[in-house]
Each structure stands twice: as C-alpha cells, then as structure tokens.
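Chain IDs A, B, C and D follow the sequence of writing; residue 1 opens each chain.
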C-alpha cells in the first residue's frame, strides 16, 4: 500500500489550523502573527525572500548531496494571476542556479486527488528535493507525509500541511496579519460607526479565511459597522455589481476591505460611476490597483501576500542539499504598501494583474519575462 | 385464453358513450363500439374523425373524459398502454413505434423481454420472433437486424409482429397497410383471417375501402367525432359507406384524364440515370401529364423520386429540364429549378410538427428562395382552401392536426412555390376518401395548368385511375411502360419481373 | 427453430459493424496513444509505462471512471447529470464526517453516504419525470442547491477518514490500485446490467425513443429515475473514494476537478451517443483511460496546463467527429 | 374545429405570446418586489441600472436563443467572453487609438469562433454540446497560452464607454449606452425572428429534414446561429470589459447562466419552440432575481440554492402548466 505511515503521536495540527467545520480562528496564532508584524527579520535587507522572522534553524546535514541537482515541484495550480506571477518568478529563480540540472514540475490543476498522485509520482522518481505548494491543507497532508517518508527533503510553501515532517515550511506571516493590518487601517480611516464592506474571494481557502477572521475581530473591536461581506469569486463585474447594490442599499460606504486586490479597481469604479468619492480601501500589490492609487491619490493601503515567496523554496532546497541550516518554519516578512513606499513597488509597463512584490525586479529577463 | 365458444351476443369489448376533448375541443362525442371475438370490426371516417383517438383510448394511451370501457363484462380503466396490454389489448399505431438502433427481436419484445435467471433470454426472444415472422411469411427479416436497416414495409411487418407477440385477445390496427404494397397487403389478409380464426377481436382502421369490405364483418363510421352508423358489412355497399363518411354521395373518384397528354412539351427528361440504388433510368415527363410510377415495395420508386429531386442525386446519366441539361445536386437546386417533392414520410421528412400551419405552408418558399424570391405574392388562405385543409386556423400547430390534414399541409407547402415538375411519393397515404378525391382533383388541376407530375403510389387502383402513363419498376430499373388505364395484372407482371416490355 | 436462414445476407455487414464498434475504436485509439506517448516520453528520456506510469494512469482514472459509469447510464437514456460534481463533494463530506476517524463507523458511513446520494438522484429523477423539467436544467438546479448548502455549511475540508478506510484509496497489487480494480468491477456490473438485464434493455429503449418505449409498455419514468439514482450512487462512490484518498471530506473536490463536464466528455469520447440509445460502459472506461493517459503523457512531457486544455478540447471534438463519420459510412 | 381561415389579428397576438407569459409574470413580480425592497427602484434610474447590469446576459441570451431554438447548445460563450476581454486588453494595451480596430476585430473573432463551432457541428456531425464543450476547453487554454497565463495590457477609456457610461435623457436621467445598444439589438432580434430566416431557424430545431428537403440550407442556417451566438458573446464581452475592466474571470459560468436564462424564458432545449423576447426576459428575470436576493441580504450560499430552486420551479411550471395555459389562450 502507498498509504503513508500512521502519523501516530505526531503533532496532528500545524499552527493556525483547526479541523472540522472550521470557525477559522485560532487565538494563539492570531496573536503570534500580529506580533510578528513588528519583529525584525534576519537576513539580507534587500532580499526579503531570503529573510526570516524569528527562525528556529534546523540541521540539514543528512540531506547533503553533491550537485547537479534535480529539483521537483508539485504545484497546486496556475489558475490565477498571483500563482502565475509566482510561478514565473520561481522558474526564473531556478534558472539562476546552474547546479539545478533539472527543475521538474507537475501541475495539479487545482485537483487534490491529482496532486496526491503527482506527489507520489515525483517521490518515486529520482528527485533530490521536493517542493510542494499544496492545493488544500488538510487533504494533502497524507501525501506530503508519505513523501517525507521516502527520505528526500520536502519543502512546503504558501498553504501549509498538518504535519511538521517537511524540512521547512515557507510562508509569509499569514492571513491574520494581512487581514488585521488592512482592518486597522480602515478602522482608523472610517472611525467608529463608519461603514465598511468586506469583499472576499471565495469561502473555504484557509489563508483567505484567516484574513477575514482577523478583520472581523478588528472591526468589532473598533466599533466599525460591517455592512456586509460578500464573495466576488475574483470577478470584477460581480464585485462592481455588489458594490453598486450596496451603495444603493446603504447610501454610503466609507471603507472597502478586500482580501484580494484583483477587483479593487472595479470596486473603485463603482463609486465613480455612482458619482461618489472613492472610499478608503485596502487592496493588494496588484499593478492596476497601485497605478490607480498613484494616479488618483487614493486613501489606500496594500497589505501583501508577497509573490516573492516563490523564490524561497528553490533557495531553501539548494541550502538543504548543501547541508546548510534552514529555519524549520521559514516566515517571510510581509511588507505593507502605503503612500510612502508606493513608488518602490510600481513598475510602469507591467500587466494589470502583475504583483509588485514579486521580488523579480532584479532578475535576468525582467521585465519581459513577466509581461 | 380461448374464446371460440362465444357467440355474437357477448361482445369482448364494449365501449359506451366515449367522449374525449383535446385542448377544449371535443374530438369524440358519445361514441359506442362493440368488439366481438373472432370479428374484424372496421372503423372508418374522414381524417380527424377521431378513429385513432378512439383506438388509443381502447389501448390505454389516452383516458376518456366520458363513458366507459368494458372488457369481458367488467369495467376497466387503463392508465397506461402497459395495463391495456396486460389485459390483452394490443395496438398497431398509425405512426411507427420502433427503435432504430435495436434489433427486430428487441423491438418485438420491447418492454416484455423474456427473462431467464435474471438475464434477458435473448435466444428465446430471437427464436420466437423468427417464428412469428415465419408465420407471417416474412422470411426476409432477421430477428437480429437493427430496425434502422429495414425498409418501410418491413418495419410495418415488425410492428404487426410486435402487436401479435403479446397474445392479444383484442388487436387494434391503425392503418396497418398504409405503407404496404399490394402483395404485402395480401399477406396481411391471410394473417388477419388466421387471427380471426383464433378468436381474436380485431379493430381495423383503414382508408382503403376495398380492404374494409374484404376483411371486416362489421363497419362503424365516425364523422366529426360522432358515431354515424354501425352496421354489418354485408348490409352496406361501398357507395353507401362513402356517403356515410363524407355526408354526401361522391361522384367519380378519379377526375378525367388529360385530353392529349402527348402534346405537352417535355419538361423533364432523365437519360441513363443511375446511382447506388438505381441503374439505367430513362424517363420523360411532359407538361400536363401525370405519370404513374409503379413497383413493388423496395423496387426503387422512391429512389427515383429522391434522385430527381436531388436528395440522393443520380451519379450517372443526364437530366434535362425544358430541354436544357442541368445538374441537380441538392433539394435546393431541384426546387429552384421548379421541381417539388412530396415525400412519403410526412412525420419524419415533411413537417415541422411544432410549428404553425402557416410556418409549414411557407416553409419551402422561405427555405429555398429566402428574400429574393422569384415568386409572386402568396394568398395563404386561398392556398389552404385549395387543399381543403381543416384546421382551427393558420396558427394551429401542425402536430394537433389529424394525419390526413397534415398531408394536406405538406401538399400546400409545395404548391406555394408553384412548381413546374411535381413528384409525389404516396400522396394519399393515410388520408380519407373525401380528401383523396380532393388531392386527385388538385393534382389533375395542376397538370391541366401545365405541371408535369410523377406520381408514386402503392395503391394500384389509384395509380391506374390517375395516370396518363404508368412506368413500372423492378429491382432498381425500369421494367417497362404501360399506356393509360392498364390492368392490374399487366402492372404486376412487370413489377414482379416476369416480363420486360420495351419502353414505347 | 431459430433457423431463419435469411440472416445470411446481412451477416457480413453485421460483422463489419461489430468490428468497427466505437468500443473497439476507443481501445484501438488508447493503444495507439500509449504507443505514441511511450515514444514521445522515451525521446525525452523517460518511460511512460513503468510502474509509476501505470499506477498514475489507473489512479487518475478511478474517480472519473466511477462518475462516468453512472453518467453513461444517464446519457444512454438521453439525459445528462450536471449535479455530480457538487454531489461528489457532498458525499465525501458525509462519508468523512460520519466516520469521524472511527473504523467502526465505516460501514454505517458508506451506507449513509450512498443513501444520501441515492436521495439526490431520486430528486433529480423525480424532477425530470414528474415535473417534466429538462434534465439539463433539473440537474443544474440540483447542483446549485447542493452548492448553496456546501457554501453555507462548509468552509473547507471536514471530517476524518479512519486509516482502515484510507487503504481503499492507497492499497495496490503491483502497479494496479485496488480501487481501480473495484472501479472496473463496477463497470463490469454496469455492463452486465445494461447488456443483459431487462432493466438495461429499457435504458436503451428509453434513450432510443422515449415515446416508443412508453407506448411499448415500458415504465419510462421509472427507468429514468433509476438511472439517475444509479448515477448519483456512482458519484457517491467517487466521493467516498476521494475521501479515502484525501483523508477527509472536501466540499469542492468534485467541482475543482470539473467532474460534471469531464464525465460527460469521457462518456462521449467512449462512443456513447449524447442523444442516448447507443453506446455503453466499456467504451466509457476506454474514454476515461484515454483522458488519464493523455494527462500522464503531458505531465511526463512537462506541458503547461493551458496547452493540455487545448489538446483535450481538440481530442474530444476530433474523436466524436470520427465516430460520426464512421456512422455515416456504415449507413 | 372547422374554419380553415386566415390570419386573424387575435391569433397573431397569440403567437407572439406563446411561452412568453409565465416568464413575464415572474419578471413582473420580481420588479414589483424590487420596488418594495430597495428605495432605488422607486425611480427609473434603478431600473436602468438593472438593465445595464442585465444587458450583457440579455445579449448573450439572444445569441444563445438562436442556437438553442435551432436545436443546439453553445457552451463556449463563457470562455469566449473571457478570451475576448483578454484579447482586447492585450491588443489595446492602453492605446486609445487602437480601440477603433480592436472592436471590429473582436466581433470578427466572435464570429469566427461561432463559425468554427457551426462548421464542426454541421459538417463533421458532432453534437454541438460536445463541439462547444471542446471549444470551451480550447479557448480557455489557448488564450492564456497566448498571454502567458494571465491577462496583459489594459483597456482604453474609449473601449469602456459603452459598457460603463451613459448619456442624459430629460425624463429618465442618465441612460447607459449599453441599454441603448440592448434596445437596438432587441429590435433587430425580433425583426430577424419574424423574417424568413428566423422562422427557418425554428423550423430546423423542429424538423431539420423537412427544411433540408424543402430546399433550405440547413448547415448554413445552423452555422449562422452559432456565428450570431459568437458575435453576441463578443458584444457581451465589450460590455462586460467596459463595465468592470480586465479580468481573467469575466466569463466564468456565463454559459450555464445564459442557458438557464433562455430556458427560464420558456425556450425548449432541443429546439423548435420559444420566442427571442422570452429568452431575453428570462435573462432579465435572472438578473432581477440576483439583485433582489442581494437587496434582501441573502447570503452567498443561500443565493445559489434559491436560484436552483427557482429555475427548477419555473421550468416545471412552464412544462407542467403549459397545457392549461394554452387552453386558456386558445378558447
């Protein structure tokens, strides 16, 4: 049987996770993330994808190996611009290193079941290291465990898994920090009793759930009135319609909280089209939003979930194969874009759905490769 | 299940005061009908008189709104054809009820497959079907052939076999011979006699009066949904019957022939025409004449019609219209050259059933000519009157018309394009005497107006009565030509391939 | 007595058509694909049909195969079921939550899941037959209702499948996963049902022409309801299988994989007529294997998912065009 | 049942209303409910906004109607809309001058995709469900293969005018351009359906053979329906892209939504019955329903469940209730 060994007494819960019909809220993790926002990262300041927050280093001598290496990657999907930008960045990173002889990728097309077979299939080939970006936390845990059992170093990033068998788990601070940062900004802008509308992508993705859970809490604490929380499925037209409806219903909305910036521009247009002033808004580091922000001098903030984290797994894999220490949980800093640093992340000529925090500006082939 | 001892006094089926409405229209009013074992009971009437409806009520397809049905003395109310079948009532529908993709045996036993140890007993099913087919004298049909591959007549045989296979006590046949050629009708006669001897009660609907008199012991006439009369066949003459049906005496069924057909210009000429189904077809149609095309079922009559009209075009030979050679590779080309084609399968090929009478009547005009129609204005009302259509109005959906009236709509849509050459394949299939006469008059009128007509019919008397010349086909070739008014024997001799006569 | 010699004339034609059955064509295509794939992968220095490759193809085929078996029956009656994708997610959740990690609950959970699935199928069937709603709309409606429930009640994977049950998803004999064997066994059962039993005959009859079937005394409504229930149960099994693979129930597992349209594609690829009345389970399994093989080949070749979509779409159209051609020729 | 006679005024009206009744009733109820639920709907501006939002779906419904009534399906419109928006963004890339040639190019692209759908359906005899399903996959893959995974470029202001802006009319206030465009298309569609070609499309959906034997160019007409559907998708894409800007998700799920809308309007899947006005009314009804649910604050999950129940109920009412409905009309 390919059934992974029984995790038995192994800790079944990674931080920030809860099973069951999730009330996606974990007090301890929430507090940890809020605190991490103020921690000072270790590592080169100009290369945030190599930085780590409060790292606990682990020894990787056991994985030490001579190159050239074959590095394998099981990707959840490339079905949205964020993953597209990230994936391109990751490939560029892999190209930087001559010691990587082959970078083998299987794309699961957002199917949990396929990713399970993909991982099994990659494990059975001669990969020197396996990078996994899981499609769903809970359901991919067994597959990742069985990959760990095969003895190759496993690196997980973005969404986590419910096991600590991977050598390192790479992720930015997290959803709570993202949601809370945005919510704090909006609370400040709209004041007590101000009306905020939450626009979410879809239910059921833990990272996204965390964002809203933190925001809800923050809004409640500061007495902001949340007039609604709607799912837009990332569709600008849906988002715009929803906002128009809310403007009709509420008459006025002071702030827009978004857990994904894709539709931010359309949302702002809904205000324009209704002849209203743009509200305070929290978006993401997406090109078209940043551009509009700059052009129109919006009251805005962009907490990020940086795409540069796609570089880190490759770097980590090489470190591990060289036997260098890596953090067991590699927490990347999660910069916030505000008026002061907006210009730094805005590169003219990038596609509308490009992500400013790709960390790719200095890579060979920039900007054509990302255009 | 034997009934031989029963006498005339004990009807097996007793229908009383049957009434039925469709969409608020009464199509049957207070109709009584008795069926006795061992009796063939003919049900006749004009198109739309309600014959099929009455039959369907008996067979559990429709429920009556009023009245009662008794079977063997006790009242029954069938909710579905299945229940009726279980009670021993079986029906051969006017329209085909077969599955093209299933085999003959599977169709015959559809819904009643014999089961052995949880599995369908295919072998028994096929053996029994073969036996039933044998009993009908049909050796040409294998129980394992998919029905899709059978010709129309063979499908009709399968329909009858299907009805027989249920061991029915009562068999209702709705125009079973409409698609049969005469020699097949003979077979059916024999079959019906044998069934009668077995004590089966048969309800028989037909527009062919000869069959009615040949087969039945009793005749019931319906008109506009009401019972006109029900009499022993012996007490009626054909003339009386027609008067009952139509409500008036009908003078000569066939209109006078053209005075001098040979004088018309040659409208259409085929020389050496051939394709996969045909070879060496030479024929000429002159303006003003009606040429009959006779032959046994499967002889290729329809194939000739389809070839002339571009459906399955000739692949060899030449075709001339008004002396000019033309190529006709599609129905559209044919129509634009003034050739119209009334097909034999009106439900399948002829009508868009869910569209209105108007849309169907205008269909060919619109389809073939579009905007730039080189045609004069059309008086729809006059057109519909000319085919004596009975409908609630031009907006009625065609599917709610009776079979005969549907056929008239088909004719109407072809007349709407004012053709020079008219090819009619079984134009009177399933229509009543009155309507038949109307169609005959119509065709003759068109011929007088200069249209060249090629008429195919499996009803020999009709073909002989109408044609100015008769061409006879045998196995995909023309076997010969006969002048106006040939004897049935002459036609059959050629058709069965017993003689070849050089074309005149 | 079964004599009836006349069949002689038609025999060669029958034999020809039997040889050219879509089923045969499908498996021929599969073999060709495997050969071509092996060569392509070989050129890039890999092996397509090694242990891992076979395992991959079969594992990938299992869930889709299960759904497609059910979908075949529905399509044979001339209907289709668009609710399977959401139903799979629902069933994985019902199964996993009822088991809640307790091996003792496996049997009750499986029964409960299949009962719920059957219930959904029953609703589909009743809506189609009694309310006379077109199957497309009826099952789309059911899908929306299930989706609504999933959206409001779940925000992620839930429930836990005991280890014992996970063996269903992972156990294998050599390169052959046990679950794939079970899927094939189910296909065989479905094949027997369709080809040999009265109920199966009626499925084809209803698909051939519902009216004719009804006039012939077949309870068409029952047949339609039955295939919808069977299809839903097959989707339920797929849900359980996925739960055993994933270790828990996942609301969107069926939707993300697009099992609704993909199962229809597999069935049609397998030579079943979308209009009903012709085709069968054997072809469907071939269709599923072709799709899985294509995926595996593309993975081995490192092709982007976008390109995969293009090829899948083209293969689907070309395959069905070929069937249509062939049918035209034989007629 | 005895008069043979002609075109009375009354009967003409009956034909126009055929199948339109139920959906108009539902629509009326929804519009009234909207007026009670939201203050915005007490004046024309509210309804104009609704029309503006509904315009893309209604235009898609026109195109889909042509395909459905002639007996087909077009599942490719959703991905075609996405593709068109992505293509527009990449080609225009913020250059106002490019708008002039990009818009015609989009219309041509839509027509081409429709042409391919139509040609494969009619010449290769592949069921349109499969052709357009394949096309859906191909378009989904191809357009992102071309742009490298996500949209690139940007739309110009000029491009966005039709979808986003309006013009002042004395009594009504600002009338969106899209509403004007919609009105023009509605008139065009109605006239088209009254003409010979339109009636032929319906007749083809009813009985293809009768049209072919009647000299109609069935293949061309059916292809035309697909072309019109493709063009309608292009127009919808121009409106949607104009309304909300570039997005990789614009077209997601539109194919099912528009088919739902058309069926909701009483158009029968399989062809041969239904009016284009009713199809558009179906689309408007659907959008009004979404707006109402939103105004009432019905949560996401419940929204799709309600939608599911309503489409089943509406179609069930239309088919089970059709006969009594017709009776009342015809007496």
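In this section, a contact is a pair of C-beta atoms (placed from the backbone, for glycine too) under 8 Å apart; a residue touches a chain by one contact, two chains touch by 3 or more.
Predicted model only: the values in this text are computed from it and were never measured.
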Smallest count of steps, each to a touching chain, taking chain A to chain C: 1
Farthest chain (mean CA position) relative to chain A: B
Pair with more cross-chain C-beta pairs in contact, given B-C and B-D: B-D
Intercentroid distance (Cα basis), chain D paired with chain B, Å: 43
Intercentroid distance (Cα basis), chain B paired with chain A, Å: 74
Whole-Å gap separating chain A and chain D, where each centre is the average of the chain's CA atoms: 37
Two or more partner chains touched - positions in chain B: none
Residues within chain D bordering two or more other chains: 149, 300
Residues of chain C touching at least two other chains: 151, 153, 304-305, 308
Pairs of chains found to touch, sorted by chain label: A-C, A-D, B-C, B-D, C-D
Residue ranges of chain C in contact with chain A within the complex: 51-52, 55-56, 59-60, 63, 151, 153-158, 160, 163, 166-167, 169-172, 242, 245-248, 250-253, 256-257, 295, 299, 302, 304-305, 308
Residue numbers on chain A that touch chain D, as the complex places them: 78, 80-81, 84-85, 87-88, 203, 228, 230-231, 233-237, 239-242, 244-245, 248-249, 262-263, 265-266, 269, 273, 288, 351-353, 371
Contacting residues of chain D [partner chain A, same complex]: 38-40, 46, 49, 53, 89, 148-154, 164, 240, 243-250, 252, 291, 294-295, 297, 300
Sites on chain B touched by chain D in the complex: 23-25, 48, 309, 311, 330-332, 334-336, 341, 343, 348-356, 358-360, 362-371, 380-381, 384-385, 388-395, 413
Residues of chain D defined as touching chain C within the complex: 120, 124-127, 129-131, 133-142, 144-145, 149, 256, 259-260, 263, 268-270, 299-309, 311-312, 315-316, 319-320
